[in-house]
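First subunit A sits with subunit B, and in the next complex the same chain sits with subunit C.
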Partner chain A sequence: MYNPESLIRKGLPKGHIKDRLVRFSLGLVTYLIVIIAALLFFKIIKDGAPVLLTTKAPYVDLGFLLDKNETLHVFHDARGQRHQLAASKYSAYVKDHAGEPIYNERTFSYSGGGIIGPIVGTVLLTVGSMVLALFFGVSAAIYLSEYAKQSPFIHAVRLAILNLAGIPSIVFGLFGFSVFVLAVPVITSTPSERTLLTVPLFIGKAVLSFQGWNSSLLAGCATLACMILPVIITASEESLRAVPQGFRDAALAMGATRWQTIRTCVLPFSIPGILTSSLLAITRVAGETAPIMFTAAVAAKDDLPWQSLANPFDLLSSQVQALPYHIYTLAARIPASEFTQRAQYGSVFVFLMIVASLSFGSMLLRAKLRSKLKW
Partner chain B sequence: MPQTDQVPHRFSKHGFSLEKAIRFFFASNAGLTIVILLLIIAFLLKEGLGFFPGYRRELQVYRIAGLEFVDLSRSNLSAHEQLASVLNRAYFAEINGLCTRELKRSQEAAALFNAFSDRSSATRELLVSNLGAGAEAHPDLLATLRKNHAASIHQALAALPATPHLTSAERADLLQSIATRDVTATDDPPLVASLAQQYAAAQQQQSVPLARLRETIDAFEAAGADLSVLVSDMTATVTATKEAIQNADILNKGRASLLAAAGHAKDPATRERLLTDARRSLAANPDIDAPMQALMLHKPVCCAAHTALRQACATILEQLPPTLSQPEAQRLLRAARSATGPFLANLANTPQRISEWRHDQPVPLSAAIGSFLTGKDWVTGGEWQDFYGILPLLVGSLMISLVALCLAIPAGVGAAIYINQFASLMEQAIVKPVIEFIQAVPSVVLGFIGILVFGSVLRDISQLDALAWVPGFPIEERLNIFTAGCLLALMSIPTIFSLAEDALNNVPAAYAEASDALGASRLQTSFRVIIPAAFSGILAAVLLGLGRVIGETMVVLLVAGNRIKIPDFSSGIGAFLQPSHTLTGIIAQELGEVPLGSVHYQALFVVGILLFAIVLGINATAHQFISRPRN
Partner chain C sequence: MSPVLSDRIEVHDLHFYYGHTCALKAVSLNVPERQVTAFIGPSGCGKSTLLRCFNRMNDEIPGARVSSGSIHIGGVNIQQPSVDVAKLRREVGMVFQKSNPFPRSIFDNVAFGLQLHRISNRSMLNQAVEEALISAALWDEVKDRLHESALALSGGQQQRLCIARSLAVKPSIILMDEPCSALDPIAAAKVEDLIRTLRQQITFIIVTHNMQQAARVSDLTAFFHLGELIEFSPTLKLFSNPAHKLTEAYLRGTFG
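What follows is the complex of A and B.
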């Protein structure tokens, strides 16, 4: 951000026409990127904001945020008036107006009602994967920054982090599918047919069966956590290393053990930095589609994740809707028409607002942190 | 980083201690990254490596059943059909070119009428359904419906397409006739019908001097009839054989798993039962020799048919006129001529390939691998034969990456140079967050924009008359390689920008100061000192951007058009405006639909392995550049 060189060299002569020409063309390219980005946001806000925002209090169309996703029915009644109703309201309408004819009925999948299901699903996936990734990632970062010395093991760990960071998200999808969906162990009394291996546990009929968690919230969280792990480790290690060495030396000199030093003198000062950079990681986790396509996401679901569960743990083993997958479905599987625009642009607008506020929040926090923590 | 070695406290026991346990806990978490990487590799290989033997078996069946033999003739037949269709298109392009005026007039009138019907259809259907026999609608309701329909007619009439080739009197007449039209009428308005008749008459008239060309094309089409009958005869035989072999394979597999289960069964009764089941399911070995002998009897007939077809085609194609008057027709004729040579050459050497073909030639594993790596067809779920050739997907991925990099390198590196070398602090404070913001935009949102907005905008631009000189314009498909490349460029600009800017920032200040002190201008310092010094870092930034582009899934899945075909390079740079499919897209699209463990499923994992290898290779090269010491 702050580049002292550019200040020192500010006084140099500006040069002649060639200098200006190069400067101008490079500036043009730069501002072209900015303009394209602005156009993109403008388009989404222009078409999406009217869906969500209303002119009357509470200024937000809560129905779109809080209703379940349904099929949209568009039809004319006998008086020639057009109706657009989501499936549940449509069946109520048909019941109320029994015997009246309906004309030109058309249905649009996924386009009626609201998007509470995808929003909740994305929140669950994000929270679950961030909990996993932060736990393992920060622990790994503590080892790398506080304990590790040059050794072949550390070299291998760094190489693995570097490689993991570059793997395409669809390959993580394949990995999650073949490992978490099809191969990880579960404790069950009735192992599935495709199990890879069963290990008897000698407790009743229960066996440890390597048959996977099926497509489920847990499998999706685990896949996303693996994907984001290198980002979390790198960011956390950076935050830990930013804590001055003197803090550690002082604590150790007072007779604290290594773990006491970390717990009282290193972690508390690095936690703000870790959390700030994990906000950026959240935007990535929330936005990814490819890893959850085969591991957790489902296009249509009648209930919210916690409804109609036999026991609370079934939440982890049920499929969820997710906002990015919902947008993919809306973009790829249904034709664009005036009736689907509300669902399409509305969902994208909500999604972009969530991601933008996370990313903006992370930027603000980082700026604040920089001014506050100066050692 | 602590420099002091941890000295165990004098009184702490050697061996287990809490500190050691904590240390071990953290170390094992760090080791988790290695475990995950190894798991990824192991499971990709586990699911994917079964592909090559499985594919080899499929290719073997393809040969044993004789499908390969039939394909020798089929490929020529389809080439013949393609050539005939090109000639037909040339013929009609010539005729339509000669009666452009009638064609345009008829098309415009019809388009006007269709636009009108589309816009007023909703209210019209509503009215008609209430008017029909048996519908006893209330008069008030009918009045409302009529009023609604009148309003929609009024609206529709207000916004109709322009008709430059119709006189204003004709247009007024047409508008009059559609405005006063009976709601239940289904025939075309008189002017539309008469213009269609005029067009047909003009076509008739123009086709008289072209009768000779028509005869030539008809003769060419007819020449393929013998071979076509022969191929469809053989097709029936070989598909039956293939099915028999596949059924036997399935039975054998079931039997093997029954036997394996019997081997594991502890209970003698169960074992006996499983063994009996296995014995019962013993597949009768399918009879492949008899149909094969029948097929081999076709060999001489096939050869003769090819020779005859070749001679017929050679003489017929010579009778084609040297030139046609319309440019489009002339282009198609030239395309047909250039396709003629390879077509005839193929026909000439097919008899020899037919007579040399043997069904019992073994298919080595290398043939399966070769067919995967160099195959031009990715055909799955078909009735004839599945092929898993990676080439169309690889070419699609590479072409999209090429477009993306061609746009993103100048933009990303240019912006980095500008921001690092020329921009004021104020500009830096604006541009950097914006570009960081682009990075946060999820790829599925970009894909959404591409499919709903950008694709259509690009097509509209390409249809402008002023841009007709651009190769490939006007574009046929709004979702194509170029559209996907543009969006991926936007995605990779932040990566390239921030890494390139870092690289420029890391050049020691002394370099710039020394250069300034020697009297260099700003431009000289930037372009001859700083950028060369940061070059390896910039190159690494570009490579990491490439890694991101190749591995990106959602944008290409939504925007690249998903047609599994190597683009037609004969149209030059226009090949970049054709739809395509990609390595990442094919996995995302097909993995949800394939049966677990099938050859197709394994093929998708092999594509994943390939992708993994490509991206890791690119990233490793990039990190080489980053860590290389600056000289």
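What follows is the complex of A and C.
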């Protein structure tokens, strides 16, 4: 018999305490993670911000951003005053104060001057690898989602691509070294001694020489692109699939070819999604050290990448500095001291700012595109 | 430019398969020009499949194929490989059950087909878009906001926009697959009105689950069951005096 009284509970219901407990522990874990992340950011900002920010206008130490990286000289002059000078300023000082004695001189590699070289190198590597990865990744995604028949073979291909995403970046670094640095073909009239194979082209003295691109911007970009290709392909394919089938049907039924359909009615509407996924990839590309260690990066370089080039294309074959590699060098290759901290914390802080602004920029772009293209 | 194809559709002994499942069995019928033909029948009986044969949209479905029989439109066998599918689809337009305007402006939607066929002259585009919207009885409602998003339109307006988009390339046949099933009765009535207005110029084939609609708009009605054409006759005759027991049962709603 129906008994309305039974709806009124007496005391706490059984499930209630357990439910609260679960809720509390899950919340605890979540906020613990947030606290750890917040501490990390706090530490970086606390140590790094003073290096970069100043109290006087323009409130930013432009020298740190725009000067070349140099060795730091620390010494005392005759009056016992301590000087910290980057190498170029140090030689100027020595010239001005010729004959004066210098005491307790110590030098710290990479710790003086600014970090324009690493910043520029990271920007070049990031832009280059994104261009490559987007071109190849989106092409592959279009093939997989729009053209390929959904056969077991294609599923296997897709699975293989997905698995590539889990390979550690150092493996990509070694792969890039053995393939892009040492083995890919170039057209040249003077093949290097370590070439693996030369194929005559019968055009003048030119031969196709499998000698690699050496350690260079191009090799680094190619390696980084390989590393993020799986992410780009998978995410692009998802965004392509998210475009309603009705758009394709409508275009095809109007007499559009497959490619016209994709170009006018599928790709434009999947770009926000592709960009969102690329945002993750950009921050990863900008931050990786392992893939560029053997393929593109140098610790020290006097010129900016485009300076003293015979022709603009040599940019691609020049080595570059890079922020993550610079941070790694400062942390692991030189003994830490109070005089290296400026460079270390400053570089980390700048890097964080760059990544944060990249993320923020892509988010804005995406929001803007998304509001225009909604269905 | 005169149409390459005229628009009489002749289907002869058509068998159609999705993989190993047969969707159409020995279908033969002649759809006359400049009339409205309705396809009726229970779900899954192959109405959409046959409709998609007429503009070769089945080409896009992997494993779908005509196993035997022929379809001639204006005397041309459209199954043969040498048929220019893009041109065929320009002659034979299609309107889908779920309205599918692109998330672009109203103008861009209607101009889509023209731009696809490389017409970019601005005044020509403007004129064609206006004509198409007038034919689709949508012009008065949207003429002041041609450059606003098509997605801001109501469901019924969106469907008429899709019709306008098909009309813009001046097809001689329009295939409609349950065009009103997602619309309220008033919006559906507007679509029916425009079919009635355009029937002098265009051959319509309309799939519908709404018997009253079939009776109201069509000249001829074909009744399908399990992939077979059961009965094909003038609508008046089919509805008042069906020749086949199955048709009668379906019309009375006492099916199965």
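Methods note: the second predicted complex is superposed on the first by the 332 of 375 C-alpha atoms of A that agree within 3 Å, B and C clash if a C-alpha of one lies under 4 Å from a C-alpha of the other, contacts with A are read in each partner's own complex, and residues count from 1 in each chain.
Note that contacts are C-beta pairs under 8 Å (C-beta built on N, C-alpha and C of every residue); 3 or more make two chains touch, one makes a residue touch a chain.
The structure displayed is predicted, hence computed values, not measured ones.
Using the superposition on chain A described above, determine whether A:Val157 touches subunit B (first), subunit C (second), both, or neither.
The answer is first: A:Val157 touches subunit B but not subunit C.
Touch check for A:Leu364: first (subunit B), second (subunit C), both, or neither?
Neither partner.
Touching A:Cys265 in the superposition: subunit B (first), subunit C (second), both, neither?
A:Cys265 contacts subunit C only, not subunit B.
Between subunit B (first) and subunit C (second), which, if any, makes contact with A:Leu252: first, second, both or neither?
A:Leu252 sits against subunit B and subunit C alike.
By the touch definition at the top of the document, which applies to A:Leu197: first (subunit B), second (subunit C), both, or neither?
neither
Now for A:Ala331: first (subunit B), second (subunit C), both, or neither, which partner does it touch?
first
By residue count, is subunit A touched more by subunit B or by subunit C?
If we count touched residues of subunit A for both partners, the winner is B.
Of the partners subunit B and subunit C, which touch A:Ala300 in the superposed model: first, second, both, neither?
Neither partner.
Please write out, lowest number first, the residues of subunit A touched by both subunit B and subunit C across the two complexes.
249, 252, 257
For a test of understanding, state which residues of subunit C touch subunit A in their complex under the given definition.
Touching subunit A from subunit C are residues 55, 57, 60, 62, 85-90, 93-94, 96, 98, 100-103, 112-113, 116-117, 151, 162, 165-166, 169.
Can you list the residues on subunit B that touch subunit A in the complex?
Those residues of subunit B that touch subunit A are 1-2, 4, 6, 18-19, 22-23, 25-27, 29-34, 36-37, 39-40, 43-44, 46-47, 122-123, 125-126, 129-130, 137, 141, 144-145, 148, 410-411, 414-415, 417-423, 425, 428-438, 440-445, 447-449, 451-453, 490, 493, 497, 505, 509, 512-513, 516, 521-523, 544, 547, 550-554, 557-558, 584, 587-588, 591-592, 596, 604-605, 608, 611-612, 615-616, 618-619, 623.
Quick one: in the complex, what on subunit A touches subunit C?
The contact residues of subunit A facing subunit C are 149-150, 244, 246-247, 249-257, 260, 264-265, 269, 373-375.
Help me check something: in the complex, which residues belonging to subunit A touch subunit B?
1-6, 8-9, 12-15, 18-19, 22-23, 25-27, 29-34, 36-38, 40, 43-44, 76, 78-80, 82, 101, 103-104, 136, 139-140, 142-148, 153-154, 156-157, 160-164, 166-175, 177-179, 182-183, 194, 226, 229-230, 233, 241, 245, 248-249, 252, 257-259, 280, 283, 286-290, 293-294, 324-325, 327-328, 330-332, 336, 344, 348, 351-352, 355-356, 358-360, 363
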